[in-house]
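There are two complexes below, and they share chain A, which is joined by chain B in the first and by chain C in the second.
Our next item is the complex of A and B:
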């Protein structure tokens, strides 16, 4: 059972109280984007064994969307953070680096 | 002229833990900047209680204020005071970005009272319902089986559950079934 702390209401919510929202930090391509970029945006997703960043919604709780960083192999949760950001916070990235040295995920490391 | 009726007409199942439909209650959803001074003032004027902290619920009689999310409050008032309360909020917050809606008749209130109330709820709920996980004066938004609910206790023993009116029968039956046998007494 995955348990994530919602950064908005501070509840330790188990996954049955949450709704998975797919990959985090996607850049939305739109009118005027190159076809290849648009295709990547629509269809191409990370599928890492290890560090991963996702969107979740506290659907049966406060209703807010947030971000989570976790390991897809061990289910270890590194942390959760606000939805109002384009990148994982620095302190969280440093925390992951101490646990998974050399990790990369898209443009982040 | 049709009469106002509550979701389950005060249905109750008595036992060690008694499940009862809580009848009429005015409920107002208020979204906005909860740090706004006018918002705090009108909430206090309407309910008579202070602004709760994160996840808190402050009650005085039938009236109260519950923190539902960083930008949402639930105001509880007597059922017949809901419309005039919304009017007061509208007057106080005119010109600011907010939303106040009387949702009284879109919701149902169900009480879970007596010995074992925590265990009855815990049987159908994923939340930590120990006294340490859900202390008195805290509003816990979660789910009961398949539907979203909000649960709180004022005294630590008796609980109140708010759910959508459309699922009031489902929630009542769920709790009545969970209350059929006594729990192991762990909570």
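Our next item is the complex of A and C:
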């Protein structure tokens, strides 16, 4: 059972309490955006084999969206953080770099 | 290739079965091939087979990281059907289903195709309307299906409880020539036929990089050295994004785990395949007597080939109202595969931004049934640069907004 800490409730939440929301830190496109950018935003995904930043919602708890950094190869959870941010926090990125030297994920690595 | 036949069995029986040759060779890779296919699962091997059979291209290598058919080909619930709603889907899946009909004869390998019939249960009024629409669409597409009454469903599947309080059975979409086949045999049969045509099947050879020159593919770097090629086909299911990244482009795709399970073996009790899409469960009985059960995917990106146990629990719980007798069965084993799910839940058979490189992926939760049709179409695409079966499945459809709106029609279950 995947367990993530909800950064709002500060409790360990089982996967059954949560809902996965897909890739995090997508740049939202809007009226006037180019077709290619819309395609990237709506459909193109990093889908890495390794470090993945993703959205989760604490549906059976506080109901808030938050972000998680997780390894898709081992299911190891590196940490969770607030959704009110455009990039993963620096300390989390450093922690990941220690554990997975050379990881890549857009401009965040 | 020594043909398999009743005479061959008789001959070998006389000499302690000492004369059976290996079904396929395990050669060391050559420096260069006309075509390299990455991925020796069903789709990859079928692609290679039809390149040889339909287009005479036999200087082909099929490269496999693990072992032949050890990925999703050996991890599915072996269901074959073609009762899709949209024309492009019906065309490729029906092509596939029709190829399954003659596959054993074509490959001289018994793939145990069992056209026992597939019912997709309508358990809500919405589903009744949806499946009636699909039956009408199928009639126009030349796919033989019909919408049947609850009484007929009960007649076909006596063990089913059609009066469930929560999800009563209100009818079903019945495809009499759908069914199952032996999944491993499909891969083995294609591998044997490919090897016989002189193709090289190279197992335990991981692709580590895609080599390009001026935007054109020139080969692949592998754990067994560099292998050059004129054309490259990526047929790697859940690892398609990883292969695309090596070639420098992205795919509209996410990899998630899909699980299935079998019960302990019991006496024959159900001779059709039943899919219940409202509750996300599907079931058939294997020749060994096990009830083969599958459900929906896990919700999060995953490359580990194992999933969350609560999904197994949900699937079984969902099926128990409709099949009360399975509540007393023990689970024998459970497994997971990594499926490549696209933005519109339909596959991608496409040219890519890299000239000479093609991708066949995105079959998601329903790839097994598509193996021969997918290989047929992909071979045509790779040989000719276009195929009527793949036109609508280009990766550019997402930019153009030309989705194949099939995920609702197909439900989650495949």
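The rule is simple: the second predicted complex is superposed on the first by the 109 of 109 C-alpha atoms of A that agree within 3 Å, B and C clash if a C-alpha of one lies under 4 Å from a C-alpha of the other, contacts with A are read in each partner's own complex, and residues count from 1 in each chain.
Quick note on the criterion: a contact is a pair of C-beta atoms (placed from the backbone, for glycine too) under 8 Å apart; a residue touches a chain by one contact, two chains touch by 3 or more.
Quick caveat: nothing in here was measured; it's all calculated off a predicted structure.
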{"item": "Touching partner for A:98 - first (chain B), second (chain C), both, neither", "value": "neither"}
{"item": "Contacts of A:84 with chain B and chain C, given as first, second, both or neither", "value": "neither"}
{"item": "Which of chain B and chain C A:72 touches, first, second, both or neither", "value": "second"}
{"item": "Partner chain(s) touched by A:36 [first = chain B, second = chain C, both, neither]", "value": "second"}
{"item": "Partner chain in contact with A:16 - chain B first, chain C second, else both or neither", "value": "both"}
{"item": "Partner chain(s) touched by A:49 [first = chain B, second = chain C, both, neither]", "value": "second"}
{"item": "Set intersection of chain A contacts, chain C complex versus chain B complex", "value": "16"}
{"item": "Sites on chain A touched by chain C in the complex", "value": "1-2, 15-16, 19-20, 22-23, 35-36, 38-40, 42-49, 52, 54, 70, 72-75"}
{"item": "Chain B residues within the chain A interface of the complex", "value": "54-55, 68-70, 72, 126-128, 140-143, 148"}
{"item": "Parts of chain C lying in touch with chain A, wherever the complex brings them together", "value": "239, 241-242, 245, 250-255, 298-304, 308-310, 342-343, 398-400"}
{"item": "Residues of chain A that touch chain B when the two form their complex", "value": "8-12, 14, 16-17, 59-64"}
